[in-house]
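In the two assemblies presented below, chain A is common to both, partnered first by chain B and then by chain C.
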Partner chain A sequence: MTAYLITSVSVVGAAPTDLLIRDGVVAEVGPGLSAPDATVVDGAGLVALPGLVDLHTHLREPGREDAETVESGSRAAALGGYTAVCAMANTSPVADTAGVVEQVWRLGREAGLVDVQPIGAVTVGLAGERLAELGAMADSAARVRIFSDDGHCVADPKLMRRALEYVKAFDGIIAQHAEEPRLTEAPRCTRVRSPPGSA
Partner chain B sequence: MHEGEVSTRLGLIGWPAVAEEAIIARDVLLAEHVGSRLHVCHVSTAGSVEVLRQAKTRGVRVTAEVTPHHLLLTDERAETYDPVFKVNPPLRTAADVAALRAALADGVIDVIATDHAPHAVEDKECEWAYARPGMLGLETALSIALDVLGPEWDLIAERMSRTPARIAGLTGHGVDPAPGVPANLTVIDPAARRTIEPTELASRSRNTPYARMTLPGRIVATFLRGEPTVLDGKAIK
Partner chain C sequence: MIKHLLSGGDLDADTATEILDTAAEMATVAGREIKKLPALRGRTVVNLFYEDSTRTRISFEAAAKRLSADVINFSAKGSSVTKGESLKDTALTLQAMGADAVVVRHPASGAPHRLANWVDGSVVNAGDGTHEHPTQALLDAYTMRSRLGRLAGLSVAVVGDVLHSRVARSNVLLLTTLGAKVTLVGPPTLIPVDIAGALAPGTDVSYDLDSVLPNVDVVMMLRVQRERMNDSYFPSAREYARRYGLDGPRMRRLPEHAIVMHPGPMNRGMEITPEVADSRRSTIVEQVTNGVSVRMAVLYLLLGGNNR
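Moving on, here comes the complex of A and B:
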């Protein structure tokens, strides 16, 4: 594993110093470091921050690999300074089972550019009707802790209550796309109305 | 788009701010009632900020995010009818933008999150009504934060790394570079300025709302557990 010496870099805005990276960790921080085996990165005028973390990323895989893949989105993230992204559940199929979240998690590992942490759906198919397999996703290799129907609001208050209660057992979070659907629905004049009595 | 003066003038159907605020108000009460953790995605209105402020004052376990685009752009962008500016929640007014910036600074909003939403050309380059909502964000977020917040590095680290890592429970991320911590870090040139060219982005999609805008800051290097993923501003693989 190559070592890297970043010289004269400002760590989170502080006075310039040197950073030595070795064996996956920050090995040393201080002025005037020397490491003959290290690749030198001139950090003069630059700022080092802890890698950025995105709580809300759509990677589109599985389902819309023409728009983005876990790999292309991971590359975009790394180029943006990110080291971890949370992948939203509105893929096709929806990330509402352990199988799908593990697939996304594994694709992230294989791309190896950022840590991809899958978010699980709150409801089956994002349909807002019944809870998805929250516990199975939490127990999966992806260790899901954030659940969201993003793109859709969990509009049913009883379902939202149950979801909040359920994830409390493992200190999970419900990430809500807050949009009351009755207040954003298209005007009735543009919709085809079913005749009375039809299913 | 946002329901307001601009939507009325353009003849586009608007989504009112209250559609967002009503759900946040309900959900903070539900989270308080059951004692659970709630996170609010892409907060976009001044009214939402006030609901969150009151909930946090009461001790409700709620966190909230704002997107880069809601910190910079307003509903007036829709005047071009260019669906690249169609996003959910919609771009709001200048007063909303000001409230979101203030809330980010004072901590009512905890996190900047991108809502990076790639869309294929056929889903974006069409009539406004048929376009999918969403914008790219990953490759421009730090530049927008720098533009909006200035070189407030501690605040940027807090809102874009430490706090989101803590909310997601991602140990090893969101930790300032110090001896012994995992080398997950990024190196930024704050003096650089770059003009955004959609075709130069690494995303498979092109729907950036910042096309041909010149933004401050450039990512020079990114390290994931000590291995560079970006060096000299270029992806390693």
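Moving on, here comes the complex of A and C:
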């Protein structure tokens, strides 16, 4: 049994008070609390908030462990007051199968710092052409309910319609980076320079 | 008796029951050494098929021949239809030939309804577009009644590509008229949002096959074309089969008495596994046999075979 007594802390901006936490649950709130078994944390000048949730995180694992891992991303999130992060699907391989989302979910559990909830890709390989196995990801241990192609965007309106309809079966949602790449592609002027000395 | 059979909704409970009872009498003919009745001798039945469907055409042809009718098979392929003749011109030709009944299969929803305005004979809809297939619904109802002894109060799950299925529409209309309760099951992409209200109030929709199975008397699996996944109605054949296919473990969630139906042709491994298709619950072979009896009854009653 672990207990923490946070003293003189402002709960969501209210007047300072004490906060007793036993086994991860708020047990008591009020001024002048005492608990001999508790570790005392001085909260003067600090604000206590509910755990924050980051709906748009890139944990980069699998594939780019040099940039970030589920463990390092979880650590950063916990330090910033986050208790849950939703990990985008643009890993390598892409999180478009039950296997990959379960891997990310398990790594999150092993890190044990925040809830890591994988986001599944809407389309296979984020390519915007065919639906990924959304139902298999929903039924997996990761229980995926948010699907997104993030910056790759689901630009085909018919595919988007199908995705929106399909996820109704398991109360899923589609998170869209609302951009039509064919409209936003910048016109480029290409110029090939001659090497110095040539003429 | 009605003159045409265009929709499962054309039949009231008494008429539908009369057809099923007549079909039961017709079935006894199949058990005889000479499988023939003289009822429609001298009458002409035209099978007008604008789509390939050997199964349905053969079933109608067998039905008409067992009633001693003259049968003309008019296939759109290699005929004047491919040379651009309109449905109306074809209808006038059939009219001139004195067709007493026209059995029509057409890719356009509503074509049999149009045809019924142009010919004096009876029109039987043998499947139009993604609209209706009323004799399939009748043979399904007949099969349920033979196996389970009744239709009123039955709970029937129709599972799969409801969106493109004429079998599903005709079944909802007919089964509701006969007092059964239908639940349509499939991925939301393949179930039209307004279908329950549009066809028959009281029809349920579910996206979760496993939750429906323990409470049904009949589960009817619809054919699902693999090509639908190219249009993203579902991600893959594997995911479709996993979520909406009927396999052994799912079949064992059904009540002990429940039956499994399929209008054919089956996609084994997609909507149904061989273990289920070949099980004692399966009525798939009976449905084919019953199809001939039911179509005999329909032709017999539409052509007034009972008042001659």
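We take it that the second predicted complex is superposed on the first by the 185 of 199 C-alpha atoms of A that agree within 3 Å, B and C clash if a C-alpha of one lies under 4 Å from a C-alpha of the other, contacts with A are read in each partner's own complex, and residues count from 1 in each chain.
Following the convention adopted for this analysis, contacts are C-beta pairs under 8 Å (C-beta built on N, C-alpha and C of every residue); 3 or more make two chains touch, one makes a residue touch a chain.
All figures in this text were calculated on a predicted structure; none of them were measured in a lab.
When the two structures are aligned on the shared chain, A:184 is found in touch with chain B, with no touch to chain C.
By the touch criterion stated above, A:100 is placed in contact with neither chain B nor chain C.
In the superposition on chain A, contact of A:126 is made with neither chain B nor chain C. Look at A:47: by the touch rule set out above, it reaches chain B but stays clear of chain C. Of the two partner chains placed by the overlay, only chain B lies in contact with A:157; chain C stays clear of it. One of chain B and chain C touches more residues of chain A, and that partner is B. Once the two complexes are laid over each other on the shared chain, residue contacts for A:81 go to chain B alone; chain C is not touched. When the shared chain is aligned, chain B comes close enough to touch A:24, but chain C does not.
By the touch criterion defined above, A:5 lies against neither chain B nor chain C after alignment on the C-alpha atoms of chain A.
Within the superposed three-chain model, A:135 lies in touch with chain C and out of touch with chain B [touch as defined at top]. In the superposition on chain A, the residues of chain A contacted by chain B and by chain C overlap at 165, 168.
Residues 124, 130-136, 139, 158-159, 162-163, 165-166, 168-170 of chain A touch chain C in their complex.
Only residues 187-189, 207-208, 229, 231-236, 238-239, 242-243 of chain C touch chain A when the two sit together in their complex. Contact residues on chain A toward chain B in their complex (touch as defined above): 1, 4, 6, 9-13, 19, 21-29, 41, 43, 45-58, 60, 64-69, 72-73, 75-86, 112-115, 117, 145-146, 148, 150-151, 153, 155, 157, 160-161, 164-165, 167-168, 171-180, 183-184, 186-187.
Per the touch definition, chain B reaches chain A in the complex via residues 13, 15-16, 18-24, 26-27, 30-31, 33-43, 48, 63, 65, 67, 88-89, 111, 113-120, 123, 134, 136, 138-142, 151, 153-154, 156-157, 160-162, 164-165, 167-170, 173-191, 201-205, 219-231, 233, 235, 237.
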